[in-house]
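Both complexes shown next keep chain A, but they swap its partner, so chain B is in the first and chain C is in the second.
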Partner chain A sequence: MSDSLLSIRDLSITYHTQGRAVPAVRRVSLDIEKGGSLGLAGESGCGKSTLANSILRLLPAGTEVTGHITLDGKDVLGLTPGGLRAVRWTAGAIVFQGALHALNPVQTVGDQIAEPMSLHRTVADDDAAKVRVVELLRRVGLPAARAESFPHELSGGQRQRVLIAMALACDPQLLIADEPTTALDLMVQAQVLALLEDLKEERDLTLLFITHDLSVLTYACERLAVMYAGRIVEEGPAWEVFENGSHPYTRALAAAFPTIGDEGSRMAPSGLGGDPPTPGDLPGGCPFHPRCPLAHDACLPAEPELRVSGEARRAACVLV
Partner chain B sequence: MLGSVLTLVFVLVFNFFLFRVVQTDPIGSLFRGRNVPQATIDNLRVAFGLDQPIGTQFLYYLRETAQLNFGISYQSRQPVWDEIVRAIPATLALVGISSVLSAVIGTLGGIVAAWRRNTWKDHSITSSTMVFYSMPDFWLGMILLVLFAVVLGWFPVGGITTAGSNETGLARLIDQAYHMFLPALTLTLAYLGEYTLVTRSSLLDVMGEDYLTVARAKGLRDVRVRNRHAVPNALLPVVTLTAINFGFVLSGAIAVEAVFSWPGLGKATADAIRGPDLPMLQALFLLFSAAVIVFNLIADITYSWLDPRVEEI
Partner chain C sequence: MRAGVTPLVEVEDLHVHFGAARAVDGASVHVLPGEVLALVGESGSGKTTLIRAIQGLQKPTSGTIRVDGAGGSSPGKVQTIFNPSVQMVFQDPTGALNPRQTIYEIVAEGLRIKGEAGGEAEQVWAALSRAGLRPPERFFPMYPHEVSGGQRQRVVIAGAMVMEPRLLLADEPVASLDASIRGEILALMRRLVDETGLAILVVTHDLGLAWNIADRVAVMYLGRIVETGPTEQILEDPRHPYTRALLSVVPETREMEQQILTGEIPDPARIPPGCRFHPRCPLLQSGILPETISSRCPTDDPGPTPLEAVSAAACWAVTSGAGPSALWASPG
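Our next item is the complex of A and B:
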């Protein structure tokens, strides 16, 4: 795909902790075209945040990364330190999770939003930066006076809005939203989602949206990729994947959410038994087989590769 | 604020009774067993107020303390306050300079050690400061004294000026600085480790924080991530430590001043304990306590000023 803004090819990421190799992401390939949106879903520890952080090369030193990441035509893994700093926040920016300590507690939020502008010289001077901070705050629904606030003076929803404003500071093309609605109450979640939707339309952003909440992704994204044990196990148009998953894992994830209008599903949303495998100790064959309701002998010999499972759809299961 | 005042009052009261619990005979120690007419002893007891009941002595003590009159030293027969005022500059200079040096060098060392964790820089900084930190300060002082003053003869063995010299102005200042070098080096080395270790562990805590990843994601250089985002957060506990340590500036060097015969408050304390010179000790303890209380208050105020999460005092 030539019009991809972000193109990931055969990406493998291995952490080395205490002499052990822990594969967090394994041979992942992904594309997001300009103006498109891709949702990346999966349980905690499946490698989705590692994947997100690798796009701006934010992984800890000593992490082994192989494959190719092309962002806005630049080979991210081959960039010099200076070239990498120039790409960060301008070609792609990250909306971090507000529940974490993503904001520096001893700086005002206005200073933190303005920081990348003066760094990348996207504004003429400090006054212009201040004006733009106020614009951005207003755009995400916060009063201008909030620029003078410290993070602890804001609610969780307000902090999340600040993080969105901060990500927009240098007009990035790609917006990576890493669990931006986690730990917010439902009303605020809906508001933040609507805001991201609006901003995407208005600024022609390309969106990579990461969460464990499949229903959020079907609402916010055109395409959906499901990750399990460091690999993508299914990919396709968001609603089709959600409603009619080809991979048993996708179906289990989708079934974990109660269906509106179906009383039965609300009383007993079907979950998935067991825990995801430890990245350092994956089961042989299909890594999902110990939890899969449809597992049989064909799952054991080798890990299934992604194959076409429909129009613009791929899945990695022997049953496809 | 109120807490500080209450603490001071408590110290004031406690300070009086502490020294009355000690069973001593100040008049007797004044004459060191020489034969003195009973009339002279009685006169002195009256002169020092020792014939009064303890309650009356306490009221005298409060009244005179309020006027900065701490009585007459049993040893020198001089007003205690004058003795103390004479000794303050020497201590302030020695301990003040050592404290500032150790705070600055120790903190910088801690920053480098944490940022370059588990490298040879970290290991050499951490282990060398640890060695000095775990040594008793008077012992470190004695080793430096023997090595640099006795064996090598580079520095004087003690005192604040060369005996018999009557230089003035700059020459006198240089002479004093020359005398100060070894005791100041001792104290700086002794205090250094605490700052290094506290700064290092504080910065290591901060280095796991998400806002540093955010700062890197924005495209900041490593040095700027450290100086703008990591260090300001990591220094909060160090600021408190510094302010509290400065509270001990006046009293902190008793052993080292004694080793180097440095004529400051520490040596005055060591001499007064030998007496014991109760009025002198009483005044010194009160002064030391007041310094600690005042600097604790300064620590709180600085902290609330640096950390927006702490309410103004």
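Our next item is the complex of A and C:
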């Protein structure tokens, strides 16, 4: 795809801890076209945050990364430190989960929003930065006076808005949102999702949205990719994947969040037995087979590759 | 009405104030044996304070809490007696478990405090088995960090169940768990209710959880129950505009037109006059209410839902008999 803003090819990421190699991401390929949105779903430890952080090379030193990441035409893994600084905040920016620790507790939120602007000299001087901070705060639905507040004076929803304002400071093309609504209430979550949707329209942003809640992703994104044990196991148009998953794991994740009014799920919570595998100690064959309700002999010999499972859809299951 | 069944818990006109902040402000609610009641609402609605008061962890300012028919706390008195028939399951299983204790010791601890003599190992074994940790003896010597997140929440539930409680208070029991594990824990909770006659009062902002396991739902806003009723009624045909707005933003209900409320829940030290929801009420803002109703909302308090209510909504538009369905069907 030539119109991709983000293109990931054959990406593998391995952490080395206490002499052990822990593969967190394994041979992942993904594209997001300019102005598009992709939701990345999966459980804790599936590698989704590692994948997100690798796009701006925010991984700990000593992490082994192979493959290719192309963001806005630049080869991210080959960039010099200077080149990398130019990409961060401007080509791509991350909205972190709005916990207190994502912000500096002893700096006003206005100063924190202005920081990437002064680093990148996108504003002429401090006064221009102040004007821009107020503009950004208003845009994310906060009063200008909030610039003088410290993070602990804000609610969880307000902190999340500050983090979004900060990510927008240098007009990035790609916005990576890592669990931006997980710690929030239903109503505040809806407010934040609506804000992201408006911003995406208005600024022609490309969005990579990460959470374990498939229903949120389906609501917020055009396409959906499901990760399990470091690999993409299914990808396709969001509603189709959510409502009619090709991979048994996708179907289990989708069923975990019942549709209110659906008689089938009334008094019938749906879960998946067992626990996600430990990276570094994956079961042989299809790594999902020990938990899969449909597992049979064909799942054991080799790990299934992604293959076409419908129009613009791929899934990695022998039954596809 | 309740048809002669004695409630396990009756909370009547409960107030819990922290200085000027009225965290719980006249809430009344009951739970029957063998049922799951979901208490839903935004952060800051007072849900957690309410269940902490039932557990005896929070001193009520006024009102009564009757647990298991008799006794309970008298107004303003902290319930210091260890009440084994009420047990609590917290949100974060990792924080709730002592990392230096084995699973056996964790589950046995309540029995030891209660002073139960003999049969400890059998009771721990049975509680672990009931919580789905099988074979139980395999888990006896293990530490919390040696089991998965889902299993840790099962250990918390086993530690509660070993006391043979009649009521389980659960505060967001699956919010910190992964999607695939969530269903397993909810299924376990429902099974315990069906098999042992236990009652569960579960606090959550997750309406899908209520759909999955709750018999009834009570919706809390700024310290009060504003709507209560059977789960199907509350989630499929809500009457209070607040319930309606909450439901409209659940990502799974895409058929409903979204009503995103502006701002966050007000400061409980400054509860608005009249109907406490009126400054955020989409129904009032829509302008479709007749003057006879809309003039009351900012000045007259519709009052809390009554203790015995099986189905009630504290909203002038509903109680005036204006026909809420007709109002909602109107454009706007």
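In the analysis below, the second predicted complex is superposed on the first by the 316 of 320 C-alpha atoms of A that agree within 3 Å, B and C clash if a C-alpha of one lies under 4 Å from a C-alpha of the other, contacts with A are read in each partner's own complex, and residues count from 1 in each chain.
Operating definition for what follows: a contact is a pair of C-beta atoms (placed from the backbone, for glycine too) under 8 Å apart; a residue touches a chain by one contact, two chains touch by 3 or more.
Remember, it's a predicted structure, so these values are computed and weren't measured experimentally.
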item	value
Touched partner set for A:F96, first chain B, second chain C, both or neither	first
Touched partner set for A:P116, first chain B, second chain C, both or neither	first
Which of chain B and chain C A:G62 touches, first, second, both or neither	neither
Greater chain A contact set [chain C / chain B]	C
Contacts of A:A190 with chain B and chain C, given as first, second, both or neither	second
Touching partner for A:P105 - first (chain B), second (chain C), both, neither	first
First, second, both or neither for A:E43, with chain B first and chain C second	second
Touched partner set for A:T218, first chain B, second chain C, both or neither	second
First (chain B), second (chain C), both or neither touched by A:R85	first
Set intersection of chain A contacts, chain C complex versus chain B complex	none
Interface residues, chain C side, partner chain A - complex	42-43, 148-151, 178-187, 190, 205-208, 211-213, 231-232, 235-236, 245-247, 249-254, 258, 260-261, 264
Chain B - residues contacting chain A, complex	209-211, 213-221, 229, 232-233, 236, 306-309
List of chain A residues in touch with chain B within their complex	53, 56, 58, 85-90, 93-94, 96, 100-107, 115-116, 119-120, 150, 152-153, 166
Chain C-facing residues of chain A, complex	43-44, 155-157, 185-191, 194, 212-216, 218-219, 252-253, 255-261, 265-273, 275-276, 291
